[in-house]
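Next come two complexes built around chain A: one with chain B, the other with chain C.
Right, the complex of A and B next:
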């Protein structure tokens, strides 16, 4: 146990150093591991004041040695309780992490400057350790402040908080907690809070200076999510107003100089990851079919390469499931021919249930017979395995060079996921995955010259690929008026902002001057897209706020209908049970109501399984509904329903739908299948999943899906009179281009006027 | 909507009565409505629809939002001008990111590879077209040149044959070795190519004969490709060619001959003509072997001199 001894020796010296540094002989027993037994009676005397155990610590002047000593226990310096055995076994591993080597260096830079850029590759331990390093120096509990650490993904925020709570030997939700959209697991004693970047942005809306935090850590900044980019722009201003606030930008890639430059040349600290060399192979010629080439490569690796697991990157759920099936089939053949050992294939994508996601960590299968060819596992994943998830044991990476990326174009107002070539940075990141445990190999399914010439350097940050309506509303709420000069790291095209402002104006969230309206202020309280928020806020006017609340929740969670490839027909039959002829929104509502019935709630899991519904999504919807309901109650929005017996029950819901989605309307061309979107005039088809009968002339849609065909998904029939009635500004015929839609609307206007006149005559 | 005349063909016209155009009965009206409906509901073909959708999309994507956009006015308030950018960095983007819709599973680089190949093929044909155009001008001159070269080649062959014959005659007279028995390199380089050609020809004949014999002996069996050398040997199929040595000799480098062959035809011809005159007092164009070195009566070395 050489490492153990080294570790002990190190600690002795640390204790000595503390003694020397304190000089005047007043050595704090709490920081001396050899006097640890003294602490116990003290702890009993005063267990409530936990900060006492750190009282020799001077804020922003502590050393790594001091912190280490405090960490060595036996009393938890934050709770005053005795530390558990589990704590010490984890502590041992933590000290082995690469970041630990640079704790002193980190503290020095952290203390010296307000902003720090920290670069640590995945696996360096930065996400779990740096916030703890900060805790021991920033001592937020002394000033009743907190340390925040943002994560781009909900799952990461939750799992990292869980892990760090364990590392600090505290209850999750007590000293260490997390906060994600629709879920807050913190308490008044929380001093370290992991949260999604979006959550921190929402908090800033109410507290423009983020006064409750003494240090903010933006983790995974290299991912350049929309919220992280906005936060960076915001914090760049906040740090000027709050000199006491410290900011750490953490990134996993070496492009960190861009962050440095953006933050007025902040100091940079880099910690090398623990990586092995990765040999990179290119194909001699471009591939005709990248999926087919990928399968071929995986099987070839399995048949010819040494032991080691395989990671294959593909683009989406369907492609991945299909690939898994094919690899399984082909492997059976290989095994039968005794050309290879067993191979277990695991899919991995965002919408996969967590239990199944966990499976990827199970070890590779053993050889079929003792001494036989070794088994291996193959993980077929979307780009979530690129940065956010670390899987040990991967030695071979197969990279076809594509991923599904969100794109937005303000000219046709389409936000969609498209399969696109990855960037060079992404390709390097993928290759790096092969060198986590030992030297590995990366097979790129494109030529070297294609890598050099065709791939862009960096993936476009999300802010360039998103509809900014929601962001603009948030920024307005944050009190930022001049959005034109808001200092973003990569400002989007002006048309993106233009479109966002226009949309918010039509939704009556901004007035013609660009000022926030009462409705806008109210809508910004909801963590929702402006259209959804406006629909929800105005729903009491249509006597159906209960139903719209449910519907909003349903539209905020992943797909509730399950349609397994093996059982499509049965799944469709089940869906038809809930189908409402007027459209998908109403159908979803029917599902929710059925889900909440006593019948279903007796055994909801089984019920969902029987009806081909996602229990997880429905449960999540239930939770989201609860959260939104609280906001509605807080904002004094009335919750009501039209009696179900009333024949206007469904009509009211459809009208309320129009109040939010009048900018997402399409009209059928003649009696054909094709629809044309209003104003943007794009030709679209109803998505095959719709339950809507084909004879609906006007529909609202939730989503415009861009593929080789243009689809609108989740559609419900509406009446043109409602459009003119509910959104007169948008349906001002003077602003319409000449064409079938204008003509049709003109006819409706004439008809309405005639009716009005008749009424007047009577 | 007005009555759609385009729907009515000449057949119905003949049955039409003047009264009907004024007053439409309910039946007629129903028929007209049905017809109009059908026209409207005529299903466009899938390809037509997709092409239309794509065209509409591309058109919209190529059009920037106009200044009449409400958002533009709000931005103008803060000093934004058409063509400007957002934020404070210098190279902020002006245009939205292009939308590229991937329609198949082609790998990275395949599309540009196809384009490159197409471009290359196009450039090549372009180049060739250009060249042939350029060449058209001096077509006649070129034609003459070609003929001249052909003539020179014929003359060269004649000269070589004559030189060889004369040298053989001389050798016979002297009683030394016949050309065929000499090593190739001992033959004068000026006509060595003739000897070489003969050897090559012989070798080809021999090879063919060998192959024919071989085939006849081996039929109807066949050679398995993956048989190793040992089994080939065992089965008597060690068919390593016996003419290797000969071939090797032929394949051997003959820098002297190569150097000579590299010269232009006319130059080689010149050398031969001079050689014939000096050694054998023979003029190819007179077709006569002169008795003395003065070669009286021969107008000169070249063909032109003999015109």
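Right, the complex of A and C next:
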């Protein structure tokens, strides 16, 4: 292993040097490829040299001084090649970061205890520096292990890995790599791996003790994503089994006591960030209309306050776009009246294409005339600007105190996406955004007493707000059988867990004793919701696994249809081109097939634009499909299609859909517009975006969301016979409540029996 | 809102909480959980967990959310939900007094009064007020300055005091009271406009209105102060200058390019100095009866505070250092006489115009097919 790594190091080093020397323009025999044999012995010397350097290091007994000396070069201690100028200029800046002040302290605590809670405010440099500190002390290369650092977001994992590779003067994917869903950029020489928390969880499913790692760093633990929470519960058990494994929990908020308590009173190290004081302002009385109040505040700041950018938090895409339009209109007036400088407004929300998201980083506009009032930019954002994105230059924050939050209700199995008050912690986080570059101000559009009385302390972690079906499947795969006593930081409501278990039981992923079945094991191989996974796994039985594979991919990416506010009618017309009368699933499939046709592939971007489709989503779906296909091939699931000419082509697909989504079926009430969900008996409406013709009595839906009303989205018509046929367990009439649905199903049963009898008579 | 409120019909199903499911104890999930040692009513998680004190209610039962279908701000209630609308508030305080909770009742009444006064100001001007809530240092709120409270109170009483001032000083100060009345007039003039627009709270108009209101607000104290100062020496200077400039009245306001905040700060400083000077002069030169310092001082202070509230309590801004060089510049601009009169005239004109819809359209540059 070690020899191999050395060889790798040689290889890259010489390649890099050639590039570097060329850049300088000087002629050095070392850079001459024809004299490669000359510098061979030299290159050989380097690694031994570097090895010496680190050999003097004793694992878990190094000091900051030693590490500093090693960092000072001139030879890269990990690769053995000479360090570049760029490295030293970065190193200089790195040494200025707040965490460097406490390197010695960090090392001491790190060496002393197995678990460490590290608190560093944003801007302290913890995400990039701490893993490097660990590298110099843990020396994972000596034991052929790795250091893992998890991130809640894919983009963060990628960009941080890129940055750290630069800082260590290595190539991305070599010593420093990253691993995110559907993309793995690591190599055998990787010693530091940035990854999404979900990826580490997936790895744990196959390697329950995570033996590949000597240190695991859970970054951004304060965000409390589902995967981080599960990982914490898991690692808490793993550290008992593996005394050699070190664990660092990194959080950005000072509410670390909870983490400490959870991890057996682990020591805490706090590093101050580089934040400036932020002055908080409340309104003296509650606002009647928070959006309007927000707009007025923004305009007032713009007209009366000093230079500095504004960040306004609103709840959703529509609200944000609307606000942007209004602010633009008003500032034009202000400028005309010469009451203010120019103001550029940028929206920011998750579904915005990345190119437009990047725009928020562009500098504020210059004054209209030299010496005039300075311009500023105003970013109107959802709560992604609260933690995920850091925008420098923000001095004013306007916080109406609301955000859209996803909450799952296990009783009626609805996922609500509603505007609700934020938490105190979240309000502080928002305010903190104003103090990144200089002292700032935060204008809260509520009273101080409302802040104290109406806001909860902490935002509920994801584990309390989600459907846990896939989590339970993962936990089962992780070998955790006692779900009741699994030590989560915030255990979910019992009903949520019950619902998840029941869903898995009906999907036949768990047997009646709660043990994982073969189907369950197979389904857990897919990074998908259990219902989708089961649909995919069983699709060969319906001779349409190719199509279901595409459909699964399409259902696991963001909305593929684009419907811009300015051009709704045209967008709907375009959607109608693909519409299939039987429902949205088939419509999506039509879109995908059209997208893959030669016609569209000639210029896919333009084609998508013309047809009001999201190129990004379709491309992503394509990528997901490829990855899922690989898993299917690995698990030896057959890929097949019913011939398109066959009239059962679409029927088979709809049947396969039922096999996964039989628990998400609704029946129309009489001849009206409303539907009732089967078993849970909730009144729902078809989402207005559906293409489904109105005369379908039974539909299967992909999601049940509560936005303004109870809506079921992405629906396809099915036949009740299929339900009884494909999911007899769920559609056991004895378990149904008396009512319309039971009667209807009863009728279908008798009809089927009669047919059966007729067939037998013949 | 009562009967006038928009009807919002929604059907509630037979079992919106799905208690059929929740109460069924023979379900698979229930069985598995009890098998593993869970008891109904208990929460999940490790036994005797050290961090169990941190568990929230959401660990026991799912999170309840409310459907929010309006834009009501945090803490705001719909009109009909307020106790005072039913006269319940009065009853409450009577009962409270009977129960010997005099102090609490008083506090509550005061609070209510404050809210009402605030609402009055809000209706009139519609601009935003903010109360300092301290500094966020790191993750913690630090409050060194307890200024916010004072500012609030001052803010509300501002209008009252200016009105009462008028009554009190009418006899003493003819010039001054006429000024006050002018302001009152302005305010009154604004009222019909507000009423008219309230129905269609178009944001365009709204913001324009706030802008004018703000301007009026800003100019008020300035105007007064200047008038006071000018009274002695250049009493007449403002009038001719304003008349000359009325011909080109919609011309841009000269001090606009300066950052408003800096200007305000500077003005405040200049005003303070002037105040001192003026007081000294007053005491020395004028007879004691003429100036009633107990009335004058608080009112002027409140005016000062009102301006700071509209932006921020200046003294608590940590960047005061940057404003010092600006002082001289804007201090100069302040002494430039006549400009404020121009501005005041301009505003008044605008207000007059706002009564005339055609002129209003011109001001707001609304193009209408005529």
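We adopt the following convention: the second predicted complex is superposed on the first by the 710 of 762 C-alpha atoms of A that agree within 3 Å, B and C clash if a C-alpha of one lies under 4 Å from a C-alpha of the other, contacts with A are read in each partner's own complex, and residues count from 1 in each chain.
One rule holds in what follows: a contact is a pair of C-beta atoms (placed from the backbone, for glycine too) under 8 Å apart; a residue touches a chain by one contact, two chains touch by 3 or more.
None of these values were measured; they are calculated from a predicted model.
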{"item": "Side-by-side fit of chain B and chain C on chain A, or clash", "value": "clash"}
{"item": "Partner chain in contact with A:502 - chain B first, chain C second, else both or neither", "value": "both"}
{"item": "Chain B versus chain C as contact partner of A:373, first or second or both or neither", "value": "second"}
{"item": "Which of chain B and chain C A:673 touches, first, second, both or neither", "value": "first"}
{"item": "First (chain B), second (chain C), both or neither touched by A:432", "value": "second"}
{"item": "Touched partner set for A:454, first chain B, second chain C, both or neither", "value": "both"}
{"item": "First, second, both or neither for A:77, with chain B first and chain C second", "value": "neither"}
{"item": "Comparing the two partners chain B and chain C, which touches a greater set of residues in chain A", "value": "C"}
{"item": "Partner chain in contact with A:347 - chain B first, chain C second, else both or neither", "value": "neither"}
{"item": "First (chain B), second (chain C), both or neither touched by A:306", "value": "second"}
{"item": "Chain B versus chain C as contact partner of A:333, first or second or both or neither", "value": "second"}
{"item": "Chain B clash site on chain C (candidates 9-17, 117-125, 279-287 or 351-359)", "value": "9-17"}
{"item": "Overlapping contact positions on chain A, where the chain C interface meets the chain B interface", "value": "283, 285-293, 400-402, 407-412, 418-421, 445-447, 449-451, 453-455, 460, 464-465, 482-502, 505, 512, 514, 674, 680-683, 706, 708-709"}
{"item": "Chain C - residues contacting chain A, complex", "value": "10-11, 13-22, 27-30, 32-33, 35-38, 40, 42-47, 49-51, 53-56, 58-63, 65-69, 71-77, 114-115, 118-119, 122, 126-142, 148, 152, 155-156, 201, 203-204, 206-208, 210-211, 214, 252-253, 256-257, 259-262, 264, 310-312, 316-319, 364-365"}
{"item": "In the complex, chain A residues that touch chain B", "value": "283, 285-293, 400-402, 407-412, 414, 418-421, 445-447, 449-451, 453-455, 460, 464-465, 481-502, 505-506, 510, 512-514, 670-674, 680-685, 706-710"}
{"item": "Of all residues in chain B, those that touch chain A in their complex", "value": "37, 40-44, 49-50, 52-53, 56-57, 60-61, 63-65, 69-75, 77-80, 84-89, 92-97, 99-110, 112-113"}
{"item": "Contact footprint of chain C on chain A as seen in their complex", "value": "121, 253-255, 258, 261-262, 264-265, 272-273, 275, 277-293, 295-297, 299-300, 303-307, 326, 329-330, 333-334, 336-339, 371-374, 400-402, 405, 407-412, 416, 418-421, 428, 431-432, 435, 438-439, 441-451, 453-456, 458, 460, 464-465, 482-502, 505, 512, 514, 674, 676, 679-683, 706, 708-709, 737"}
